[in-house]
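What follows is chain A paired twice: with chain B in the first complex and chain C in the second.
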Partner chain A sequence: MAISSVTRWVENRRLSWPVDHLRSQQVHLLVVLALLAYPGFYHLLTSSSVSNLAVAILPRMDSMVAVLYFALFAMSFDFISGYTGYLSFGHAAFYGTGAYLVILVANGKIPLLPPGTPFMISLLLAGLLAALVAVVIGLVSFRLTGVYFAMVTLGFAQVMYVFVRGWNYVASNPRDGPAIGSTHPDGFEIGVPFVDQLNLAIGSFSGDEVTLLGHTLGTYTVSFYMVGLVVLLSYFAMQRVIHSPFGRVMIAIRENEERAEAVGYDTFRYKIGAFVMSAFFGGIAGGLFAGFKRSVTPESTFYFLTTGDALLASIIGGFGTLAGPLYGHLFDYGVREFLSNRGLGGGLLPYLQETLSQAVLTTTLPGGITVEGFIQAALNGHASLYVGIVFVLFVLYVPGGLLGTLRIGLGGKVSERLPAKLWGDR
Partner chain B sequence: MLRTTGLTKQFGGLTAVDSVDFELGDELCSLIGPNGAGKTTVFDLLTGVLEPTQGSIELRTDGEWVDVTDASPDETATMGLHRSYQITNVFPTLTVLENVRVAAQAHGDDAATFWRNVGTYDEYVREARGILERVGLADRADDLAQNLSHGASRQLEVAVALAGHPDVLLLDEPNAGVSSESVGDIVDLIEDVAEDHAVLLVEHNMDIVMEVSDRVVVLNQGEVIADDEPSAVRENPAVQEAYLGGYEPGDLGDRTDERADDAPGSGGVA
Partner chain C sequence: MTDPTVLTELTALALQAGFVDGLTDFLGPSNLASVVVEGLAKSAIYVMIASGLTLIFGLMGVLNFAHGSLTMIGAYLAGVVMVVLVGNATGQWTRMAFFFGALVVVFIALAFLGGVMEIGLIRELYTRPPIYQILLTFGLTLVLEETVRIVVQFYGLQPISEWQGALGTKPAFMATEHSLGPLSVRGLAAFEILLGLATVAAIWAFLTRTRYGLYIRAGSEDAEMAEALGIDVRRVFTVVFALGAGIAGVAGALLMWDPVWGASVPLAAETLLPAFVVVIIGGLGTFRGTVAGALVVGMADATTTWWFQNVFITWTWLPEMAVFLILVGMLVVKPQGLYGVEEVGGH
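The block that comes next holds the complex of A and B.
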């Protein structure tokens, strides 16, 4: 309600233009504020008296960084697949292209680009190279529709996957993928290139720490904010496209391509355009991934299951909602971490082992198995199994996904309808 | 406005359209014929969905004849040749207004703009509202296209075709499946549209054809068998043979004469 009273206050002073703009962005603002507050919230809860429970439930800070850049990849997947209806099953090709380019530049393996090239520039190049790859893939693939389109793009990505696995130039052991070598020991800086004061490095060990008002923000927290900044800007750029005349044509193509052509749209060109834009942001996401992790594998980039994770995020979050994949991936990642082992984020299993008393743990259940044994058998290393079940349930019962269902419930876009619902239509 | 020379389309051994020479002026011309005569194939050829096996198609734009034989559907649409479909073929999950707006936008120069909000382009919304007013759907503007009744979606079908500023409008059975009490609305719409567009109409209801057409072209097994004024076509023995092969031409003539007395302008071949 605070925002509401502020807007009313400013409105009385006849400053309605920026207020109108902010009001239309209320939901975006709330989500950004919530994400901004997350590191502090996480820190407070995990050092409080309920720390055991908090550690078990909340995603770790480094996980949240991964959620952000992968969510950007999933959004770029949704941008083409959810809005034009063409399932880009080879989208991992763009993610991989971006990731490999950033590492190759840092390792001095790209002619004319020194290892010290600012990260922001190599990130931009990552996007542009991915876009170029999309032109080539798109020119061939958009001659087909439906399943055949999906299969051809998948084929391209798998060819690239096999290729980088055997390409000695990228790494001494290409099957394990390249890592940042000694030519670029510093962290990758996000900010304004060439202005040192306006840059902060990301990465778990090489990232910057910042001391703010007596609190030290760790490397993960700084990475979270800086990666989040790029993801946020990319999201707004894609959202801008969706809400443009061009975006309306994308939706028309999804709804009825035959008619879109009959009313005068050269749909081939629009599809290529949308595909290229989507690949650009996919490449940026891959670049962020490489910049944060500093080493990638063919499996984590070009492999088709990478696209599968983006598809999962889009379906859980809501197909054709753009922001949905962020929530979808957060959900997917959160569930995985919650059900994983101790070393992977402290989920349900270690929580139960720590909190249940020894007497309960050693109780024998029917069938001769102890409670501890049962917990081990049910929870240890089976996160993917449960995520799979959740996925099936979503497709069956929540086909619109998290955000899509919310949209149906509110009768329109959440960012438009939620404020109206909360504070009444004006 | 539009003319074809020796237009032929073969599907394997089947000749669906057989050397059709046809010219459409600024008039309302009906294209009729029994099922399978090749009417929809002609539409597909004209708009570029299908490529002719032989022959040429020319469109008159700005006083000059332009060859559009090899043009794609979006190119013929941009040149002013628009069509509606026999089976409703719109954007189902978009609103009625957005259906027409996106079609109007195709005709402007801003469709490829991806950096500005669509809300800055009022002109297409205004144009779309004007067209909805004209086809009688103004009060349904905010409904989803898929929620319209059959009759209303036939009106939307025409509205979407109108949105591209067509010079030539091809209407493929705008009445298909419309209940008899709503037929009047659609007929009014066809006549209204024909006032400022050249219209080629495919229609099975002969009452409507005879009532609204300036000219009637009859297609049978891909060939033009008659091309004349409505009354002359009705009396044409070849046409009666095509529709009702087996009847003696004379029998049919007697019957239609009787009916024509009761209801002037109606009756006829079907």
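The block that comes next holds the complex of A and C.
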């Protein structure tokens, strides 16, 4: 129990508030450390003797970047849907707004903003524009509740989806979506704007590589850390709101809106406020997505199934737990990658084809197909089936999701109860 | 305070796009009549894809996200029946007979699937908040769609493009135009209108003229009271879910023949969203409202399609956007829909 002895040492020294604060954040610290260590861990395992297995099971580094920015979107969805109980089924509108704005700025299509605008500024603008869209949508939608609220937000998002699909100002072929053009050949830099030394670019080809203590961190690893930094900051910002009196009112609205109103809260304002904040972070997530991928499609941004993915992540991770969607999406994405055949290495299909002997692969099963044919038919890119089954099982039997169930088991918030369980209450 | 220059500019823009010419054209009797017929055909399709949804919501309060997937399965199933039975030499009336046979097969198969879904999965969730039913049926969509995709790919078909083989089983008179007095009507449009009318009449008769229909109306109004009066509400729930699934399948069978839709895996999402719009515009859970909603959406769709095809040729998004704008507009003006009751669908 190394950590336990450290904390005991810390307590005995009775150090000041920063240490107290850190101690209350032990679980957060552990998660962040684990994520920090992941690239090294991945590199070690995939170049070791179990590399075949490791490549098959572990999510690739570029996937981990995608997990991070989409997890932020799922968190922003959970922030409004899980905490106030208003299912924001058109949340993809904010993700799309952020993503499209970043690309349009880089392509010089937004008046007053040159293509060279620092990414941190266009990211902020992406969040602000999404928030502005949320004000408009929210003012209409929050007059309704329940299913109607979900449907009217869905309606707004679909209107935007259809619109960007047909608007040839955003791209020469709007149905395929816009991509970064020649006006912005460099990678998008995350860091302190206008200070070159404090920036690192993200992206698979245009990103920066960093040499640290003789090791070269590839573009994916650098992107992972830089995107992770933004996601972490956004997470803590949302967590602060949830823990503030404002957040208590959000939960009160979920539990019993009439009572919250009777107590004297103007719930309409609180709902709009929460919606706007969640849209802001949804826009940031979309901006990160566009910055990393450098091209987006209407389907991957404004379409209602994008919201569906956030919903999957939230339910599997834990509805109404802010960090849950991260684990939920990691799980979702991990399963998808494990069961799909993308040809980039990794996944169950190439692993089985490599490790099973030829005799097993050519055996004929009842029904006349070979084992290899069966594996192909059942596994090749059909991860949605298995994710769907897992999702249905979660809805039926684990309604709290991963984190929510852990929370129930520990009898309180994981970040508070886990340390207490591990090394006793203090 | 309107700036006159803006107005002039707007008028100029409208003139440039041929708006006035278009309007005169549009209001011409033959154009208007053909738009109305097309609108009726579209309304018939919309009422068929939406009525199952509204029956289920009206009684059980379950917003069935898997509804579109059931329609998609119905389309494929009907396609299988038709492709197996119909050869090149099959005559037109035999094809029609086979189609009605396929309708029966699809209805029974989908009703069975719906019954199994209700008993096995959805029944578990009646005591939970309504959001969980949305979640569960959303998960079912993923499972159903991917399963169909696997099967379809296994037989060497492209899951994302329409199944041409099934489209080809259409009788010849449906693919051509027929003159009905001064009107020229597509054969398929006429068939769609007739089948839509028949479906609406059948559901209407079932709800108002049969004992089970009475149970359903009673259950929709007050499930607790109905139970107290000795109705086995649990069984009524199962029957209604099966019925809704069956109607979804029948709608799919019709769409299989329509080149605008066709049997394909994305058909699930393509029908689900307009079905939601229709049901919500009409007022969640009222069958009368759904019929009215389908008429509104169908007419709007046909009108905007005409404008897009004849005047604003570059506005590809016009018809699709109109449907969702109607939804948003309706919810802003009258959230409970045309015939909706205030409390339904709230918290």
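Methods note: the second predicted complex is superposed on the first by the 422 of 426 C-alpha atoms of A that agree within 3 Å, B and C clash if a C-alpha of one lies under 4 Å from a C-alpha of the other, contacts with A are read in each partner's own complex, and residues count from 1 in each chain.
Keep this in mind: a contact is a pair of C-beta atoms (placed from the backbone, for glycine too) under 8 Å apart; a residue touches a chain by one contact, two chains touch by 3 or more.
These figures come from a predicted structure and were not determined experimentally.
**Q** Looking at the overlay, what does A:L311 touch: chain B (first), chain C (second), both, or neither?
**A** A:L311: touches chain C, not chain B.
**Q** Just to be sure I read the superposition right, which of the two partners does A:L410 touch: chain B = first, chain C = second, or both, or neither?
**A** Neither partner.
**Q** Figure out whether A:L45 sits in contact with chain B (first) or chain C (second), or with both, or with neither.
**A** Neither partner.
**Q** Look at the residues of chain A and decide whether chain B or chain C touches more of them.
**A** The partner with more contacted residues on chain A is C.
**Q** If we overlay the two complexes on their shared chain A, which of chain B and chain C does A:V398 touch? Say first, second, both or neither.
**A** Neither chain B nor chain C is touched by A:V398.
**Q** One more residue to check, A:M277. First (chain B), second (chain C), both or neither?
**A** In the superposed model, A:M277 contacts chain B only, not chain C.
**Q** Inside the complex, what are the residues of chain C that reach chain A?
**A** 63, 121, 124-125, 128, 130-132, 134-136, 138-143, 145-147, 149-150, 153-154, 269, 273, 276-277, 280, 284, 315-317, 320-321, 324-325, 327-328, 331-332, 335, 345-347
**Q** Would you pull the chain A residues touching chain C in the complex into a rising list?
**A** Those in contact with chain C are residues 85, 87, 140, 143-148, 150-152, 154-156, 158-159, 162-163, 165-167, 257, 304-305, 308, 311, 315, 377-378, 382, 384-385, 387-389, 391-392, 395-396, 399.
**Q** Would you tell me which residues of chain A are touching chain B in their complex?
**A** Residues in contact with chain B: 240-241, 243-249, 251-252, 255-256, 258-267, 270, 273, 277.
**Q** Over in the complex, which chain B residues touch chain A? Could you list them?
**A** 47, 49, 72-75, 77-78, 82-83, 85, 89-94, 98, 101-103, 105-107, 110-119, 121, 160-161, 163-164
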